[in-house]
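Next up: some structures, all given as structure tokens.
Both of the next two complexes hold chain A, though its partner changes from chain B to chain C.
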Partner chain A sequence: MSVVIESIHKTFGRFNALEGIDLKVETGELVALLGPSGSGKTTLLRIIAGLEFPDDGPGNIFFHGTDVTERDAYERRAGFVFQSYALFQHMTVFENIAFGLRVRSRATRPSEAEINARVNDLLGRVQLTQFAKRFPNTLSGGQRQRVALARALAIEPRVLLLDEPFGALDAKVRKELRRWLRAFHEQTRLTTLFVTHDQEEAFEVSDRVVILGEGRIQQIGSPAEVRANPANDFVRKFLGLDDESELLIPSPLHEGSRARELDAV
Partner chain B sequence: MATSATTLEPAPPQEAPRRRRIPRKATTEPLWVRLLLITIAVGFIAGFLLMPLFIIFKESLLKGIRVYYDALENPHAVSAIKLTLLTAAIVVPLNTLFGVAAAWAISRFSFPGKRALVTLIDLPLWVSPIVAGLMFVILFGRQGLLNSLFWSGGKQVFPILFEPAGIVIATLFVTFPFVARILIPLMQAQGSAEEEAALTLGARGWQTFVYITLPKIKWGLFYGIILCNARAIGEFGAVSAVSGHIQGLTNTIPLHIELMYNSSQMEAAFALASILSMLALLTLVLKSFFGWQAERQAKEALESTP
Partner chain C sequence: MESLSRWIFAPRDPAEPIPFSAKVFNVVIVVAAVAAVFVLAFRAQSATLNWGTVLEYHLLFTTGLLNTLILSLGTLVLALPLGIAGAVAQRSRVLPMRYAAKTYVELIRGTPLLAQILLIYYVLFPAIRLDDKLVAGILILALFNGAYISEIIRGGIESVGQTQMESARAIGLTTFQSYRYVLLPQALRYSVPSLAGQFVSMVKDSSLLSAISVAELTFQAKQASTYTYSTFECYLILTAGYLIITLPLSALARWLERSLAYES
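Take a look at the complex of A and B:
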């Protein structure tokens, strides 16, 4: 499913968080929203999810051609993974994942057997089958992150939104999860946007990188494009390229952008 | 290997006198300080909390169980007990509702005048209850501010002042802050991340409240309700002002106790006092029980770790 964002503005009091954002994410793309803190990247992600609403004006958001700008979060079916996981502390891992299915209206709610099957399948996919009956506060950071992911996937989201998904994890787990996310995306081709301030992460995982700064999109492009041709001083400075030294950027994990990278060279 | 290891070690002190050390924590104090503090604490509890309780029950049973029951079976006493329970039954659910609504609004939204509202919620705690009671007398009284609304031909249009309704309103005012005050910091600390997660998973507002927020604030809410209830049952000052002390109609337990005491019917006063004390003890037991439940639940969550 594609996501189209048209001239979105957002102010908090006198602070302009977003000043006219236009962005099109194609079906099945994995896009990184990259930028320093305060650049508006998380705000943009929250607006897509319906957790914030853009300022009145011409701005619109389309999910696969349907205008969802006025839709509430619960109607959008956008899977959201929070930076702090936001797991339901009083529910087991199993119930956390089942929540999105249980709150559906009677007409669309799956049967208990279907819920069981779906949750167990997801537990297997995130390798947490033996943790089904545990409570979130007994899990490690990486395990919590995977529960949050499984919970978001349980609702069969139309788009997956990840807010600094690996931010709070240690370096080793972070690398593993990054690879896992890329492999998972290759499998499912679920349209995915993720927010990060870590360029290494953005370049390694995503198909395209959107660089945000001061409430505006500074550049959009594949990791190789952005690296080869920084659009302006902001991007150059943010990537640490302003002193003309070559930055060590890890080669992407996936074949698609590796080919593109080779093209660029 | 062994020799090289030993050479690296500093030479052990020869024939060092071995002192026996009693393991102790850095935060502990000398024995006499600990004993003194424990004595003060226990002595205070015994003298100021347990002794009065004991005296109440002893005095109420001084002239035998028969007199005790007679005092409680007195129709005025029965009516006072009924009115007190009725008041609590109306006031506590209403203030629970107000408290949750106020805490929700204050912790989840920002709006102009929020700080003022937080301060105003505390108002009933700052004002002496008798002043609050007098305020209602002035408001609803014959020469009151709203007399054109509430009085007609020397009679009250809605029976409020010197009626059970007045007791309920005064109690409602005095006990308003308890639930809200406990929930506001709790809900502010918890934030709304879990609620946001529930929304993105397709839960509607009411589902989010019932399945996510309520379980999170459950114990705090219960604690607030217990406090609110205790105060509603025991309130004297505000109720005294609006009651008019009509025996059998507008006397609550505390007011009836005062009446008995002033008319030197000590055993009756103490009999009712013992009822109030028992309600307080029941409150305490309930509070401990639910606190214990909460702890057990938290423990179970931890013990599910293999």
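Take a look at the complex of A and C:
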């Protein structure tokens, strides 16, 4: 499903968090929102989810052509993974994942057997099958992160939104989950946006990178494009290019898979 | 020396349970000390306790205890939902609801219960032809305690954290469902200790209903003391009567607190 953002403004008091954002994310894309803290990237993600609302004015958000600007989060069916995970402390891992389905109205609720099957499938995919009956407090950070992801995916979201998904994890787990996310995305092709301040993470995982700074989009492009042609001084500085030193950005993990796709065409 | 310290000091590891014998020993000592103070005080006034005539009026005390129990349970059943509704309303985006709830809380908390009892009983209730004293008492106490409970629950909800609400909305829960299944279950857990304190106060506050001659424990004890002139005896029985209700309530709260603690 595609996401289109048109002319979004957001102010907090006298602070302009977003000053006119236009962005189109194609169906099946994995896009990183990259920027320093205070650049507005998390605000933009929360506005897409419907957790925050843009200032009144001309701004609009479309999910696959439908205007969802006025819709609340619970109507948008966007899977959102919080930086702090925000798991339900009083429910088991299994119930956390199942809950978004259980509360649906009778007409749209899957049967008990379907819910069980779907949750078990997700538990397998995030490699947490043996933790189904545990409570979130008893899990490690990386495990909680994967529960949060499974919970967001259980409702079959139209778009997956991740806020600093690996921010609170140690370096080794970060790397593993990053690869896992890329592989997962290759399988599902779920339209995904994720927020990060870590350029290595953004360049390694995403199809396209959106660089945000001072409430505006500074550059949009594939990792290779951004690396080769930084659009302005802000991007150059943020990427650490202003000293003209050798760039140490890893080549994307998925270069190979994209080449295969192109071959198939 | 070692064995003596076991009776007096809790184990160094806070997780280790205190031996049952040590608990009993210490409670007995404290209770005995309090009793001794009272016995000596009575002696100093050379007052003697005369239980015979007081016990002839035991029916007054048992009906009083029963009525206080009914008042407490009735109030509990009404005040808790009222408090929850008040807490949710105070957070509502609908401003008339929010300000109605805030005004309610401030009016009730800012004025003495006795004044509320008299005003409501003699001004409001006659207008709606409510004259059952027990029902009137329950309604007034529920109104009073609902305000305090709503502040306790509101604090509980706020300590649950904004992201719990957001993650509930993000997986498709409506506002009602978010409160019902995510915020309130967690908020109530956080609130158990404060709620227990409020319920204990509620039991004791019911004594003010004696002002409108509801036949609860305090009113009955006063009656008995005017019949018998044995004021001390009557108030000792009254004290014991309240403890019969409040001590199990505290024990229940501690048990709830333990059994609701998150597994970690």
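In the analysis below, the second predicted complex is superposed on the first by the 255 of 265 C-alpha atoms of A that agree within 3 Å, B and C clash if a C-alpha of one lies under 4 Å from a C-alpha of the other, contacts with A are read in each partner's own complex, and residues count from 1 in each chain.
To be clear about the criterion, contacts are C-beta pairs under 8 Å (C-beta built on N, C-alpha and C of every residue); 3 or more make two chains touch, one makes a residue touch a chain.
Remember, it's a predicted structure, so these values are computed and weren't measured experimentally.
Once the complexes are laid over each other on chain A, chain B and chain C cannot both fit and instead clash. Contact with neither chain B nor chain C is seen for A:62 once the two complexes are overlaid on the shared chain.
When the shared chain is aligned, chain B and chain C each come close enough to touch A:151. Contacts of A:180 after superposition on the shared chain: neither chain B nor chain C is touched. In the superposition on chain A, A:133 makes contact with chain B only, not with chain C. The superposed model shows chain B running into chain C at a single listed stretch; among 2-10, 74-82, 110-118 or 146-154 it is 74-82.
Touched by chain B in one complex and by chain C in the other are residues 49-51, 72-75, 77-80, 82, 84, 86-90, 99-100, 103-104, 135, 137-138, 151-152, 154-155 of chain A. The part of chain C that touches chain A in the complex is made up of residues 161, 163-164, 166-174, 177, 181-182, 185-186, 189, 262-264. Contacts from chain A toward chain C in the complex involve residues 49-51, 72-75, 77-80, 82, 84, 86-90, 99-100, 103-104, 135, 137-138, 151-152, 154-155.
Of all residues in chain B, only 193-194, 196-204, 207, 211-212, 215-216, 301-302, 304-305 touch chain A in the complex they form. Contact residues of chain A toward chain B in the complex are 49-51, 72-80, 82, 84, 86-90, 99-100, 103-104, 133-135, 137-138, 151-152, 154-155.
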